[in-house]
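Scrolling down, you'll hit the structures one after another.
Shared between the two complexes below is subunit A, which has subunit B as its partner in the first and subunit C in the second.
Let's look at the complex of A and B:
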């Protein structure tokens, strides 16, 4: 894992003290709310429905036990004993007091964490594959590149006031676990014909009110020119992005309006201009950063066999673990979706436990996923049973990864001032309706994603089944969408038709899943059957 | 009726204008009639409230009931965590929101 150098630490510490002074001035009345609001947002502090909310950055979803334990400590000391892991691989606290925020940020800084650039029209937390550095299907570890992008984008003077917020994702395999093409810039590390490492650039994707899949604008950028190319992409956007209209200000609108060819032409022109300006990180710096992401000291003789005689354990292994690149190890995903629970929420005690387990069983590493779960990336197979038992005791062993009850949901109207409808109660009711694990497994992989408003923090456009909460004359109403995917077969879900009440949309989901079971052919997932059968058949079943 | 709400500057707590002061309980809110803007500006300038705004509410026996669900959620707390609402002992308190 990357460790701060003196510059990183100084930047974060200085920002804490700067914010402490700003808070002091706000409380003393020297700053109005209009003056203070952009300052607190730059430090991740929102004013939400019930209180101040703090969003803490977890760069590319990676953290160690000490950092995780700090997140638990903050939940206990500054919040109401829990945190909410988000769809951007971050964590949010819902009950923060302004007067305590500077002390909280100072404690975060003591473990190399912060909340900078988790809000505002700047480059946000870089997201990545939660299996990075552990999975056998990647061509390189994407984390060093995500870290380089983090350093480049932190306090970047040219990109601190973009037309709108800006999100990057970096992956390094053909399997997309990061919804890469639904980002402003998606980067996939690839090799060229000569075997050299580089990056494929996808620009202009996103969800929100105008969902778009990012088109590929370049099939290979040499790795050592990745930053320059990203800078060129941003410069064209910064120059021509629609600052006149918030709803048309994302880069996806610019790429769409200019056309992919014209946007790409301008980026290439800018890139040619920048190539010789020396903006790329020095080779020594690339090497220094990459050094932090070396494999942990795996036991090359570790036993690759597993005793699966405990049926509950066997189910969890089958559903929640993935193949590791090193024989004798597995990638274990801790589902934060217990029956009837709140997706992504974890108590301070659970956070502490996950920190302990990471230290004990996973070389002190954890990952947060955009699906609001936690990954222990390097678990020795011979430790899996003991790990599972400890998780199970703490309510952290639902064997439902990628099943219908592993839904993702934004905070919705229970917490968010932008929301039109509640998301969490819907996720909870669906979790209860489909609680039978046998039934869930019969349905197989089924990505259910729920947003409480058109801003799409719950990724409803990318759900095999998506739900969008809307306000219909002051009453919560839910639109049902089908056919989305955030994986390598990226697609955007389409609305089925008129919306439903809360119970009505759950009934509709049951109708849809029943039709899938009736229509599916061998080996088809829900999304495969939907694509083969088509929307009309599903609409007929839902609306008659 | 029109009532005033906002957040406490230091703590972020949701608060309601009682006519004399600010309360965490919407049942204490008072009808400000057409004086809302004046009160709001005065109180915000004195830093007794942050980001205040006026909402329409319905008078009931139990006090004002905000007209929009968003403000009813603000008044009670998250419906999915009854223990964190202002009525933690009443598991059915969320029904008031709907």
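Let's look at the complex of A and C:
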């Protein structure tokens, strides 16, 4: 994985000192809260209901054991002994003291980590495919491109006061594990006819109040024009994105209001001005970065057979491991969705253990997924049983990946000042109601996503089953949505009808899953049956 | 009236800046002021005779002026480029990186903090109008 050189390290160290100075001026009253707010936000620090929340960047979700252990250390020293992995492949801490934040950032910098631009109206952490570099279905590793974008977007002077936040995702496979088209800019690496690698650009996707699927605006941007093309996309947005209403300020609204053709025309016109300005790193820079993402030294003779005589282990292997590009290896996903647990939470002890296991079994590499789980990307099949036993002892071996209890949930009203309803207790209750693993496996792949307000941090628009918490005359109310997908078959979920109480919405989920079991044809997932049968049939079942 | 900050050696331009509309209407004016939402590209035919372009920031969080400045510099404008209005020390380094070389803030800027802001970062990741050498160029010569 990527390692900082002297320049990268100096940038991050300098940022820590800059922020230390800003905090000092804020505490001394030299900065108003209004003036301080965008500065702290650009360092990932939010003021929540009870305390400051700090969001630490995990670029494209990749980190090593030492970095993971630092995240555990921070949970112990600065928080209440746990951290929360997020849908942006980051980690959040919910109980941070402002005066301690500079020291915390200094500790992060010591392991090549930071919280730069994890919030604010700027370019956020670049997300990517959690199976990058390990899966056979990619045409290249997308992470060097994400790293080029990370460096370019860090401290970008022109694009730090955008109309609204801005999120990139980069993938390199036709299988989309990163909800690419639900980003402000989604990039898919592709080959052109000459066999060169380049970027297909999708612009104007997003969730939030007005979900949109990003349209393709350019089928191929060469490697040595990536940055100038991205600058052109951003400049049109910075100049013409709406600033009169923060709920209409994302680029998706601009692209929608202008229309894809007109937005594209403006980008191409801007690009014509910019492409010869010397904005692009040379191809040698991409080559330099790509060197860091070479395959680890796989044992090419590693045994591809697996002893599945332990039935619990066999279930976990079946559900939570994926095929690796190298025979004899597997991609293992650690589910952070235990029965009755908080999706994405991990204790410092669990974080430490995952760091140890990555060092021992996965060439010192971990990934965070947008579904709030952790991946060990390169595990020898012959080590899987030992790995599973250690995970199981620590409560980290739920065999529920992509099943109904592997839900995404936002922090909700338990933490967030924007929320209308609680998300976490609902996720916990659903996880209890559907606890039986046999029943979950019978239901098969089922993406359940819960947001506590219309800002959609819990991705409810992209859920096969989505739940949206709203405030109805002072009481929490939950709307049910069906038919969304954040995968390559991207679609937006639709609301079934009137909302429910907390228990009522869980009953409604049972109703729709029962209907699925009754209606499904061979090999159909829930989403497939829903698409074939249609919303009306499901509505009838729910509302009678 | 807070004193303007200039990072240029040439003489202060005495002529008051006119609005973009008046400038386009008349004019042989040599100084113009544009608001956040106005299109800097309208000035491109006149860059040769302009000595001062002022870009106003009504609120510091409205970043349109950064793009306006970049566009003017990329198009070869070498005269004074002044940021006026809600210009604060915590944005001043980024403003400079986008080509501003003069500042007319509503409230005074502490000169010591401004110097620190300008000198704090040894390096930059991007090529922008201030012509600083981006890190990727340092890496590859």
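Here is the rule we go by: the second predicted complex is superposed on the first by the 544 of 544 C-alpha atoms of A that agree within 3 Å, B and C clash if a C-alpha of one lies under 4 Å from a C-alpha of the other, contacts with A are read in each partner's own complex, and residues count from 1 in each chain.
Everything that follows uses one rule, which is that contacts are C-beta pairs under 8 Å (C-beta built on N, C-alpha and C of every residue); 3 or more make two chains touch, one makes a residue touch a chain.
Just so it is clear, the model here is predicted, and its values are computed rather than measured.
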Touched partner set for A:476, first subunit B, second subunit C, both or neither: first
First, second, both or neither for A:10, with subunit B first and subunit C second: second
Broader residue contact with subunit A after superposition on the shared chain, subunit B or subunit C: C
Touched partner set for A:80, first subunit B, second subunit C, both or neither: first
Which of subunit B and subunit C A:152 touches, first, second, both or neither: second
First (subunit B), second (subunit C), both or neither touched by A:51: first
First (subunit B), second (subunit C), both or neither touched by A:415: first
Subunit B versus subunit C as contact partner of A:524, first or second or both or neither: neither
Subunit A to subunit C touching residues, read off their complex: 5, 7-8, 10-11, 14, 17-18, 21-22, 31, 35, 38-39, 121, 151-152, 154-162, 235, 238-239, 243, 273-274, 277-279, 281-282, 284-285, 288
Residue ranges of subunit A touching subunit B (in the complex, touch as defined): 26-27, 29, 33, 47, 49-52, 80, 94-99, 342, 413-415, 417, 419, 422, 424-425, 428, 474-476
Touch list for subunit B against partner subunit A, complex: 7, 9-14, 44, 47, 50-51, 67-70, 73-74, 77-81, 84
List of subunit C residues in touch with subunit A within their complex: 39, 60-64, 66-68, 70-71, 74, 88, 90-91, 93-95, 97-98, 116, 120-128, 134-140
